[in-house]
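Please go over the structures that come below.
You will see two complexes here that share chain A, one where it goes with chain B and one where it goes with chain C.
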Partner chain A sequence: MNPFVEYCQSQLALRVAEAPSQEASRHSAWARFENVGWPTTRLEAWKYTSLAGLEKITPPTESFAELTWDFLKDHALLPDAKHRMVFIDGVFHEGLSRLDRLPQGVRIGPWSLLQDAERSDLVPRLMPAQTMTAFGALNEALFTDGAVIQVSGGAHLDEPLLLLHVTRGMHHGVQYVHLGENSEMTVVEQHLNLTDLPCHGNFATAIQLSPHSRLTWIKVQQGGAQSYHTAAVHAQQQQGSQLRYFPFALSGAMGRNDITIRLVETHAEVILKGVYQVADRSLQDFHTSIEHDCPECISDECFKGVLDGTGRAVFDGRVRVALDAQKTQSRQSNHNLLLSDKAEVDTKPQLEIFADDVKCSHGTTVGQLDETQWFYLRSRGVDKEVARTLLIKAFVKEIAEAVPHVEVRQALLHWLGTEEEEGFRHV
Partner chain B sequence: MLSIDNLQASVADKPILRGISLEIKAGEVHAIMGPNGSGKSTLSNVLAGRENVRVTGGKVTYRGKDLLAMEVEERAREGVFLAFQYPVEIPGVGNVYLLKAALNAQRKHRGLPELDAMDFLALVKDKMKLMEMNESMLYRAVNEGFSGGEKKRNEILQMAVLEPHLSILDETDSGLDIDALKIVANGVNSLRSPERSMILVTHYQRLLDYIQPDFVHVLAGGRIVRSGGPELAHELEREGYAWIGDAQSQTVAAQ
Partner chain C sequence: MNSVPDTLEEFISQEYQHGFETLIDADEIPRGLSEDTVRLISARKNEPDFLLQWRLDAFRRWLKMTPPTWSNVHYPPIDYQDIIYYSAPRSQKDGHKSLEEVDPELLKTYEKLGIPLHERAILAGVAVDAVFDSVSVATTFKDKLAEVGIIFCSFSEAVQHHPDLVRQYLGTVVPVQDNFYAALNSAVFSDGSFVYIPPGVRCPMELSTYFRINAKNTGQFERTLIIADQGASVSYLEGCTAPMRDENQLHAAVVELVALDDAKIKYSTVQNWYPGDKEGRGGIYNFVTKRGDCRGARSHISWTQVETGSAITWKYPSVVLRGEESVGEFYSVALTNHRQQADTGTKMIHIGKNTRSTIVSKGISAGYGQQAYRGLVRVARSAIGARNHTQCDSLLLGDRCQAHTYPYIEVKNNSATVEHEASTSRIGEDQLFFCRQRGIDTEDAVSMIVNGFCKEVFKELPMEFAVEAQKLLGVSLEGSVG
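And then the complex of A and B:
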């Protein structure tokens, strides 16, 4: 057993002691984890993603200063978010959160404050996000808290909800979202660790979209030199529902996202567009799976990667179109910008199409910075490094620009360093 | 302004410029003509600092400084401007952003305060009128989806905004219809001044009908084989470049 798993096992006993009623389910999840085993590069799903770094870490023994919103807001994607939930080291922090202005029909709260009966009801609904991988089983066995979001039919959350997770130790969290018929909301999920000490966050998110509901979800991962992040998302979309999911893996030692989207009724649409960027000794891994189970659904997927130094990335994009999913429209692309000879990307599109009347496309590119463009900018007096950054930003900007919410888009563009140009448009 | 002394340069280890000497004084407009493959574009690229061209000999002095020792961006900030033969499309970088970054980089270099957005836009819009460009082009990505004529006009717009001391116009007339050519020439002419020098690199005499040069040089086989006044361009237009073979062998013989 490696130090990471040993630590996890010590946590299992604590979790059970806290809530004896959950003993059976946590133990059975742990048994499932042991059965699946610690992922190694011998497994196809982990072939290019070594966990050698993660398996050695244990949480830091330092005690951390109390966080204030004044401090956090400088790091938050939406510093003025009207609605926000803050989780510190895996636990909901009521003082830093703000949920007192929710409109009617929108119920948002932490898992830890739910009644037992409600938890029992929700446990099976989280399952799809927890069954996929070894980390899913660990999550089910060890999760401490999470966000539970329920929007009634026709309700509409006026402004985005910020879910801010600050992870400085080793924690497991859940997120559950259910949108009722024809309801709508935007979620901004942000992960920070704010230290260079070892830490690991492991999250499971289950999303259920009722007919004609619309969910926009922006996820941003930022971490220090020893920050590890693993996450699984499982979304199930009913008729005519719309999901727009934008993950941005910006920093950290390692990130692994398993994203599964099932289009189970007709006319459901999903847009899945993300960015990963890696530099020396860091890795980001996206495994996505879009499942067209029904006719006339649309999926539009695009991931862009920027790889510098000895950075590595993995993109594994599966699209499955079931036999009776006729009139499916599916697009997938993955574009990578390699800034160094030592960077590496392993990209693997997988299309499994069983229906015959479909429009499906996919494409992958791996390229370098365009020397001619670089020269052109420099020949106008733009500094060498500034020109390089400008071209990198230009490459990924398209994804940020697809984010429909203005304030979030501006904040992302700001982080991608191109805000000045945006600002210009308002002169 | 610019003094080129026995300049030699190679591209991919192939010698292209074989000893070029040229003196350009402030206020002068020099046309460099010559057949394809004579080294015209290589000369433009060397002066702008393109890294795929390797200088193997000679020197270039620009306003008293060693031009070849300067980084690309430094040359630009010192007032050297290359209007590209094939302006580069840069998706994701706004035209207005590039213009402002370029102008402010130059102003900073010269110890001037940076222009704020308002003053900058006023300046650019003024120059756009001269180039008969639609303001919407400011908010498009650099040259992306521009027609050939729009790209060339955009080059001259940048030149008008940056007000360089030395402009090198590399085949600016290529791909332009007559109306666009007039607009471009008008833009270039408006920038002529006693302090500003220009090098017009061109294959055809056509551009010189609209921008009258002070001197014309014929480049062939990486050397200047003839120099003269504007009348030389007309001669070339009449007689083509076929005589160059003889001229080249004469030059070689003379050496």
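And then the complex of A and C:
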């Protein structure tokens, strides 16, 4: 057993002591984790992602200063968010959150404030996001708190909800979203690790979309030199529902996202577009799986990666079209920009097709900055550094621009540094 | 293979054409596999000690290995003790001096298959090595090729006459422990072809091997080794057929290609093993390891394959691009109909500077056919300026067939450019309508569209093979459209 797992085991006893009613489920989840075992690169799903770094870490022992909103808002993607939930080290922080202006039909609250009956009702709904991997089982055994979002039929959350997670130790959290028929909302999930000390956040998100509901979800991951992030998302979409999911993995030592989207009724649509950026000694890994279980659904997936220094990235995208899921339309692409001769990308776009009347395609590219574009800029006297930054920004801008919510899009463009800068308008 | 069906009825009634069996007295060793079997095969072939040791080493390693489970093919476990590992036509003694000595029954078999063993044959200009079960029965044009220094003979002969070459190159491209089936092959391989093209020689004719499985309960384990020395070039064709039987037979071959500086090897396969019947009974398990090594600078290895037969195909012809500016190519058409399964693709390992590779894979799946493209493009840190383009297209005929794509792309060099694209679709109603409207019946229209879909690959095949491949596709697709 490595130090990481040892620490996790010590946490199990604490969690059980806190809430004895969940003892059975936590213990069975732990047993499942032990059964699955610690992931190694011998497993196909972890072939390119070594957990050697994570294995060794234990949480820092120093105590941290109390956080204030004035401090956090400088780091938040939406500093003026009307609705926000803040989780500090895996626990809901009421003082920093703001949930007093929710419209009718929208119920948002932390897991920790739920009644026992509500919790036992939610446990099976979270399960799909927790069963997939070893980290899912760990999550179920050890999670401390989480956001529970329920939007009733026809309701509409006027402004995006900010879910801000600040992790300074080693924590496990959950998120549950259920959208009723014809409802709509936007969520911005942001993970901040403000220190260079070892930390690890492990999240499980379950999303259920009723017929004709629309969910837009933006996820931003940022971390320090020793921050690790693992997350599993499981979404299930009913008839005519629409999910737009935009993950942005911007920094941190390692990130691993397992995203599974199941289109279980006709005319469901998913847009999955993300960006990963890696620099020295960092790794980002996206495993996505889109399951067309039903006819006439649409999926559109695009991931772009920028790799610098000794950074590494892994993309494993799977699209599965079930038997009789006719008239499926599916697009998948993955583009990678290698900026350094020490960077590495391992990409594996997969199609599994069991129906014949389908239009499915995937494309992958790995390359460097385009020479003609580079020449264009340089011949107009643009400085090397500036030209390079400009081309990188242009490369990732496409993804941020797909975000439908104006405010969030602008914040993201600002975040990625891709706002149009005055000096270059004429270029 | 050699006659074009005139009418539609004839076209539709065409079954597997090469399903006949030649009744011939065969010299077989007892079923089962042990060190003694390996020793027995080696002794039968009068092999030098180094080869026996090499086989035994492979066998010992094989015992510790397990069959691969990662591929997308399903079959009951194979009982390796229930296979006859060596079967040779009885009349076959240590090689024939001339064709007159070959058993006429055997010659008839090849005649029936349309393979020109007689040097007067129509397809003059092609030298053939015919492998029947475990042994090579005849190699044509040997003397003519020897004039320019080319060695083209059966593997057994090469072991006897050119042991140094065999020793130098055998197992250097596909090591014995490479994978389960390669290890098995290394232990029990019986025959195959051996080609050596000396420096600067351009092989004056196409070389070809024709593999035939005939005997019951046997497995065919052949090994082919082709070496193109500096500046040499060769085009090599391979064809395969087997009788129709209800049992499954194992074919586990290994092909090794070595290209030195400026050498060029073009390896074409038309694989038409017996695919089993409509219900999936019988057929050949085709578990093959093929790999080329571009050892020298500016060397060039090209694989072209048309895979229409076999109950299960499991093969990944690969190229290791070691030499600077070396080029690897892979062109493939794979067809699965009825209950056939294919898990095929390629590996392009870029190690040298400015290496280039092209992959074009066309998969056609009909009936209950299952098909997967599985490919790896790896660009090592040393492969500055490497370039790859991959294109995988799948065509689906019928709503119960499957087509999967699993490309692995690993890039460790930023000056590399790697592209992969894949698409899956079915024959467009509009394309069919266009043909029907002009009085072309559905079957022919499908055949035309499929041939158009595969054109990119067919144009890489040598001419005679291209014609054959097109006909083969038509036959294999028979009955797959409404």
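What we mean here is this: the second predicted complex is superposed on the first by the 419 of 427 C-alpha atoms of A that agree within 3 Å, B and C clash if a C-alpha of one lies under 4 Å from a C-alpha of the other, contacts with A are read in each partner's own complex, and residues count from 1 in each chain.
Keep in mind that, in the parts below, a residue touches a chain if its C-beta (ideal position, glycine included) is under 8 Å from a C-beta of that chain, and two chains touch if they have at least 3 such contacts.
Since the structure is predicted, the reported quantities are computational estimates derived from the model, not experimental observations.
Engineer: Applying the touch criterion given at the start, work out whether A:Ala355 contacts chain B, chain C, both or neither, answering first, second, both or neither.
Structural biologist: Touch status of A:Ala355: second partner only.
Engineer: Under the stated touch criterion, which partner chain does A:Glu398 make contact with: chain B (first), chain C (second), both, or neither?
Structural biologist: It touches chain B, and chain C stays clear.
Engineer: Given the touch rule stated above, what does A:Asn336 touch, chain B (first), chain C (second), both, or neither?
Structural biologist: After superposition on chain A, A:Asn336 lies in contact with chain C alone.
Engineer: Check whether chain B or chain C contacts more residues of chain A in the superposed model.
Structural biologist: Touched residues of chain A are more numerous for C.
Engineer: Taking the superposition as given, does A:Pro124 touch the first partner, chain B, the second, chain C, both, or neither?
Structural biologist: Neither partner.
Engineer: Share the list of chain A residues that count as touching for chain B in one structure and for chain C in the other.
Structural biologist: On chain A, no residue contacts both chain B in one structure and chain C in the other.
Engineer: Which stretch or stretches of chain A touch chain C in the complex?
Structural biologist: 44, 48, 307, 323-324, 326, 336, 338-368
Engineer: Of all residues in chain B, which touch chain A in the complex?
Structural biologist: Listed in rising order, the residues are 48-52, 71-73, 75-77, 81-82, 84, 87-88, 90-94, 96-98, 100-102, 105-106, 109, 117-118, 121, 139, 141-142, 158, 162.
Engineer: List the residues on chain A that touch chain B in their complex, please.
Structural biologist: Interface residues on the chain A side: 371-373, 375-384, 386-387, 390-391, 393-395, 397-398, 418, 420-421, 423-425, 427.
Engineer: Contact residues on chain C for chain A in the complex?
Structural biologist: 70, 379, 381, 394, 396-426
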